[in-house]
Amino acid sequence: MLSNRKHHSKKAGLPPGTLVYTGDKTHDIEISTIEFDAEKIAERKIADIAECAGLRDSESIAWIDFNGVHDTKTLTQVGEMFGLHPLVLEDIANIGQRPKADIFTDYVFIVAKMFRANGEDGEIIHEQVSFILGKNYLLSFQEMSGDVFEPVRQRLRQGLGRVRTNGADYLLYALLDAIVDGYFVVLERFGEKIETLEERLLEDPNEQIRAELHAAKREMIFIRKAIWPMREVLASLARERTGLVAESSEIYIRDLYDHIIQVMDTVETHRDMVSGLLDTYLSSLSNKMNEVMKVLTIFASIFIPLTFIAGVYGMNFEFMPELAWKWAYFGVWGVMAGVAVALLIFFRRKKWL
Amino acid sequence: MLSNRKHHSKKAGLPPGTLVYTGDKTHDIEISTIEFDAEKIAERKIADIAECAGLRDSESIAWIDFNGVHDTKTLTQVGEMFGLHPLVLEDIANIGQRPKADIFTDYVFIVAKMFRANGEDGEIIHEQVSFILGKNYLLSFQEMSGDVFEPVRQRLRQGLGRVRTNGADYLLYALLDAIVDGYFVVLERFGEKIETLEERLLEDPNEQIRAELHAAKREMIFIRKAIWPMREVLASLARERTGLVAESSEIYIRDLYDHIIQVMDTVETHRDMVSGLLDTYLSSLSNKMNEVMKVLTIFASIFIPLTFIAGVYGMNFEFMPELAWKWAYFGVWGVMAGVAVALLIFFRRKKWL
Amino acid sequence: MLSNRKHHSKKAGLPPGTLVYTGDKTHDIEISTIEFDAEKIAERKIADIAECAGLRDSESIAWIDFNGVHDTKTLTQVGEMFGLHPLVLEDIANIGQRPKADIFTDYVFIVAKMFRANGEDGEIIHEQVSFILGKNYLLSFQEMSGDVFEPVRQRLRQGLGRVRTNGADYLLYALLDAIVDGYFVVLERFGEKIETLEERLLEDPNEQIRAELHAAKREMIFIRKAIWPMREVLASLARERTGLVAESSEIYIRDLYDHIIQVMDTVETHRDMVSGLLDTYLSSLSNKMNEVMKVLTIFASIFIPLTFIAGVYGMNFEFMPELAWKWAYFGVWGVMAGVAVALLIFFRRKKWL
Amino acid sequence: MLSNRKHHSKKAGLPPGTLVYTGDKTHDIEISTIEFDAEKIAERKIADIAECAGLRDSESIAWIDFNGVHDTKTLTQVGEMFGLHPLVLEDIANIGQRPKADIFTDYVFIVAKMFRANGEDGEIIHEQVSFILGKNYLLSFQEMSGDVFEPVRQRLRQGLGRVRTNGADYLLYALLDAIVDGYFVVLERFGEKIETLEERLLEDPNEQIRAELHAAKREMIFIRKAIWPMREVLASLARERTGLVAESSEIYIRDLYDHIIQVMDTVETHRDMVSGLLDTYLSSLSNKMNEVMKVLTIFASIFIPLTFIAGVYGMNFEFMPELAWKWAYFGVWGVMAGVAVALLIFFRRKKWL
Amino acid sequence: MLSNRKHHSKKAGLPPGTLVYTGDKTHDIEISTIEFDAEKIAERKIADIAECAGLRDSESIAWIDFNGVHDTKTLTQVGEMFGLHPLVLEDIANIGQRPKADIFTDYVFIVAKMFRANGEDGEIIHEQVSFILGKNYLLSFQEMSGDVFEPVRQRLRQGLGRVRTNGADYLLYALLDAIVDGYFVVLERFGEKIETLEERLLEDPNEQIRAELHAAKREMIFIRKAIWPMREVLASLARERTGLVAESSEIYIRDLYDHIIQVMDTVETHRDMVSGLLDTYLSSLSNKMNEVMKVLTIFASIFIPLTFIAGVYGMNFEFMPELAWKWAYFGVWGVMAGVAVALLIFFRRKKWL
């Protein structure tokens, strides 16, 4: 989100269609291809994009996966090889895109956001993934290596499910499905985090928890913004008929659409929970203040009159008859005890004790 | 809701259409069938789904009710027997679905949420119910045994109303009607609970009630999310004409639609009430604080000047003419009483007493 | 509203179309008929619905008014006599309906909410009124006797306006117009109540007024929910052409529509006012707290240093040179007066005095 | 607004189309006519509406302006003369109308709200203005004399601009344009008022300013409600083609539409500013409370320990060795000074000083 | 924004289409032209608009840029030369326009808002820019000199990108693209400012920061209002086909549209952040109050009982046996220490220490 805001201005003043990578370079670009049909499958790691030349028009289906979109030279080559519009290439390199689907005559361009938990420390990583769906090929562009597509690759290798026997559009669906499943995993982590925060809040509400709740709220807003446009993406895919997406795939896309709605429902639920916890925090602040005030009031209200009485008999007037009475001192103690007890009863009646 | 969030990730990475039960296994699957036409009715409990084979094409109408959706083998058999799409079976087994209606060429698939109060302790139980409406048959899939359909079964047995003489679509309507009536029952309980909370709040506002109000608010949000999509379900049923839903049933569906709107109105009313009570709680906190402060202020403001006066005549100066006056002590008492009375009048004018 | 929530569950488990009165029985059903055409008019109170048999196909226009909808036997008879759908009868008897218009081939069914101020104590009464508009007849069903239709009856009797010369649809319009005029009367009362609350709030804000404001807010929400769907009712009437509503009536319906919009505007204005008053209440709480705190602070801050000074010279040290000074006592008074004056100036500078 | 709410009920129970003036009678009705074409112009004040008889079908264009709509007899005559529907006359006389445009076959009926600042004391006056646009004539009905149309009259007299050479629809546009310009003038005044309030708020936040802010907010809501429906009015005018509004006028209406949107933007901006100031007020209340509390805390916390020390050495025990020490008294002063200084440092560290 | 509100009323009462500059005159009008085709390019600064006469129908493409719109005479000449509608000229001169696109038969009129950071002090300047797109020419009208178009001029001069080889519509696109890139630059500055405010807020929350946050919120609202209508502008451009905007440009306009959505997303994110910080401020106020109260309570609650004990033994009764006890004084010290320790433990248990 911040990266989005921060990096776009790198491009201000450049002609549209200029390829500028708006992220931070983290590693070399890696290209891997999987060519398959119902019978066979071939995986390759390639160093030069030129090796992909034949894939565009091959009979079998090709999935070319790019890890890293900072190498504008490679992107330009890909653009020429597959006949992509310059603005499409610009959008691939600009990692601050909003999810969208653009339908061209001979390919479909899709931008999505992928969320996954980092294996080591469980930190949640998000990156932009772009897809180009052509007749027999699917290109995918990721910001960095590491993704949620491994199960799909396994199914391809083992020929499980429909993924080997269907076209490139089904592969696209399978990858989008993996991305959406990833949303559920991430939201679950959030759910657990919120529950932990709730427990800590009920134990000891403090400013630290409030800050974490605010951060969680902000993260929910960020996730919502990344996921919400996916609905339109899927709706566009289902609606526009270019021949690239088979009609029989409609049910799968509708299914994904339902999942996105479920994700959004969960996001909304989380937001409601976080808002509820923030309300709880504020009202617990008021409650603590009330408790502090009550203690002060009880102490002050009981001892102030007693101190006054003691003060009275500390006066130095010459004519103070009580001072000479034999039991006066003990009588005063009695009066003071009576006042204290009366006040304690009064406070108990008010339910302050 | 939490189960929804929690269990979906069980599926991450599996090929779409894979049958995975996302709930917790609670009991064995139970299958019961009711075959009926205008003249006769036959009820059976069956152990093996294979016994249902003939029902799909029988002349009479068949209602097959499955209690438990965790047995993926049975589901697969049902899928083959009735020609269901794999994604439909996946949705039946995945109990975190959003209510929806999918219209296929020879059957209609409906997901709904059923709410009912547990007989023993009145706890509210919710579960997912899926329906498959075919030409002459209706399949229903529940998460567990126990449902709100008993009155419909009674009417079937006794031949009351239109349910025996109309088709499977009317039976579906009757079951959905029973589910929607169940919503009213549950909302009534909620209404009573909210009224109880209101009474307790007016008596003694405390943190415990606030927590319960927050919980009630959260539950209302959950119910709203479960019920709201039912509108679309019914609208789809009324709109799409596959021949499975007779045109004469439209008025019944419209009626159900009206009931759903009424349910939503009631849910909104409840939410408004709960929000109002939360506001009441917060303002009663402020009022209590005000009251505490007033008591403190009155005690402190009255006794502090008096104590000061007593302190003055407790000083040990050698030349303090008042000390030797005969009536000085009683005069000081008079002055102190005057000060106290003046302050009491002042506070009464301010309406603090 | 509460009745709505409370009574619907009486019906849970019954076959749809079952006539169940969901209100409380308050009196016997009363039936009155008015038959009229441009030349003549005949009013009757009838005991048995069978007397209405001829009215359905008579040349003149008939208005049959039912006071009480709890007599399911009568309703069934009416249903048979005028060929009404069982669900329509169910909706008439179920007083928790939402306003709506259902267009059938030979009649139109309308549900509306009537608000009127009780003559005696000015309490606002609301009840459900259903209408069946046929070719030459209009049926109206009220929950209880007493309504806002008297002026229309007068106009019918005296042949004033267009009501005698136009069809049953114009009569329906005239009655709906009377209902909508009733909304204005009720809202005016509310407006006056809110103004009274405002005056009381400015004089002395207390918890009682807050509770009344909350109640007013809740009532506005209830009224809004009862009136809002009337827009759709009128839109349906204007849109659907069954021949029952003449095209020349469209301008009247549009006029009613405008009035409903005005009513809603007024309701919104009232809600805004009530919300504003609640805000005023809360901020006046804060102000009162501030004032209390200021009084406490001023008293405490002035007398605490003075008491300290007095305390110092109340010490019993043997060597305290000031004690023996001749003017020390009066000097201490001077110091204390100086401290008090300095503090008063300080507080006045802070605008606390 | 209040008048709206208050007066509508005058009409309850009357037949629709009954002419009832819902305002307060303030003066006699005044009728003035302007007849013009490109060459000549004639202005008249007329006493009897009958004098207008010829104007409906004259070749030149006639603008008849009525000041006062309380004279139902005159309105009825106008209605007959120009063939107006009774409901139109009713709406003209009922000054609580919402702005709207009704298209009839041979005339267009428009209701608008006119705002203007009273010349003398700058008070903002609003009144309802209705227009009837016919083939060659324009009728305008104002509640009282005084309007924002004087510049248009000047342009007519002097033949400036297009107003003399275009039809009655252009005159209508010119008058509506004058009304919309009036909105800008009124909003400017509001803007200045809000800025004044802001300055006063920053100087000294008090309850009075809060009340004025609330009043301003309420007025903004009122203005919004009066202006908002003008959008639809203009949209209707642009859309419906009756031949009364020339196609060439569309650009003018679109321009007015843009201005209304601008007005609404300004209204929203004002509302945001007022809301922001109310927030500022509330947070300044909290700040003041904090300041009061700090002063109290500092005074109390410093002198309470000192008074305690003084109290200790005011005790009358026989064996208190310190009392006899030579420098004890001055030592105690030193201790007390040390305690006070330590506390002052503590408070400064906490940034309370 | 304020200028908008303030200046529009200058126009009240004038005939529509009257040219009135609603801003403040800051400098002389400057006109510069760029004529270009794929082969050549010619730049001129011209003094008299008459020199542009031939540009309208020249073969090459002409971009005429006006700096300053206060010279109504020049505008009138331009209007005649290019056949512009008077209302268009009025809108160009009225700098309080809302962004919009009006499609005429032989030209398109566009109003946009340009934001840029002033070079010297980084202050953000906004001005209105209007465009007239004709067959072979593009007119641009800016309020003052200084703009974000320099990179486009550079590309024109150097023949970079597509801008020289495409038509005037592509030039318009390039300029709008530069304006939208400017939005990103401005939003980035805002992002940085908000982050700075956040840091300062966490260090020391004070009224000053709250005021700055409110100002930032108001500015975000202003920017939102200026940018939001750009969506419609671009949608109109894409939709309406007048031949002036080539079909091949649609993808560029769609791309701009996506950028505007991204800008709006960022604006929303900023608003959420500012709102979050305001919440943080308010809750930190409460926290500070709590802390102040705790210190007061602890001091007062500990010393008030001790002072009372000291007061008791300061009484002057003749019969107070303790006074004569040898170790009484030290015993009292012990009691007082015990009370203080007990209270400290009590407060630590309450987590106030």
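Note that the chains are named A, B, C, D and E in the order they appear, and that numbering of residues resets to 1 at the start of each chain.
Heads up, the rule we're going with is that contacts are C-beta pairs under 8 Å (C-beta built on N, C-alpha and C of every residue); 3 or more make two chains touch, one makes a residue touch a chain.
Since the structure is predicted, the reported quantities are computational estimates derived from the model, not experimental observations.
Undergrad: Express in whole angstrom the distance between the two chain centres, defined as the mean CA positions of chain C and chain D.
TA: Centre separation, chain C to chain D: 27 Å.
Undergrad: Whole-Å distance, chain A centre to chain D centre, using C-alpha means?
TA: Result: the chain centres lie 43 Å from each other.
Undergrad: Can you list every residue of chain E that touches 2 or more other chains, as numbers and ranges?
TA: 286, 289, 293, 296, 300, 304, 307, 311, 314-316, 320
Undergrad: Chain adjacency by touch: line, ring, star, complete or other shape?
TA: ring
Undergrad: If contacts are counted as defined earlier, which sequence of chains do you get going round the ring from chain C via chain D?
TA: Once chain C is placed first and chain D next, the ring gives C, D, E, A, B.
Undergrad: Which residues of chain C touch chain D once you look at their complex with the stated criterion?
TA: So the residues of chain C touching chain D come out as 148, 150-151, 155, 160-163, 173-174, 177-178, 181-182, 184-185, 187-188, 191, 251-252, 254-255, 258, 261-262, 265-266, 268-269, 272-273, 276, 279-280, 283-284, 286-287, 289-290, 293-294, 296-297, 300-301, 304-305, 307-308, 311-312, 314-320, 350-352.
Undergrad: Along chain A, where are the residues that touch chain E in the complex?
TA: Touching chain E from chain A are residues 1-2, 4-6, 8-9, 11-18, 85, 87, 90-91, 96-98, 100, 102, 204, 207, 210-211, 214, 217-218, 221-222, 225, 278, 281-282, 285-286, 288-289, 291-293, 295-296, 299-300, 303-304, 306-307, 310-311, 313-316, 320, 322-329, 332.
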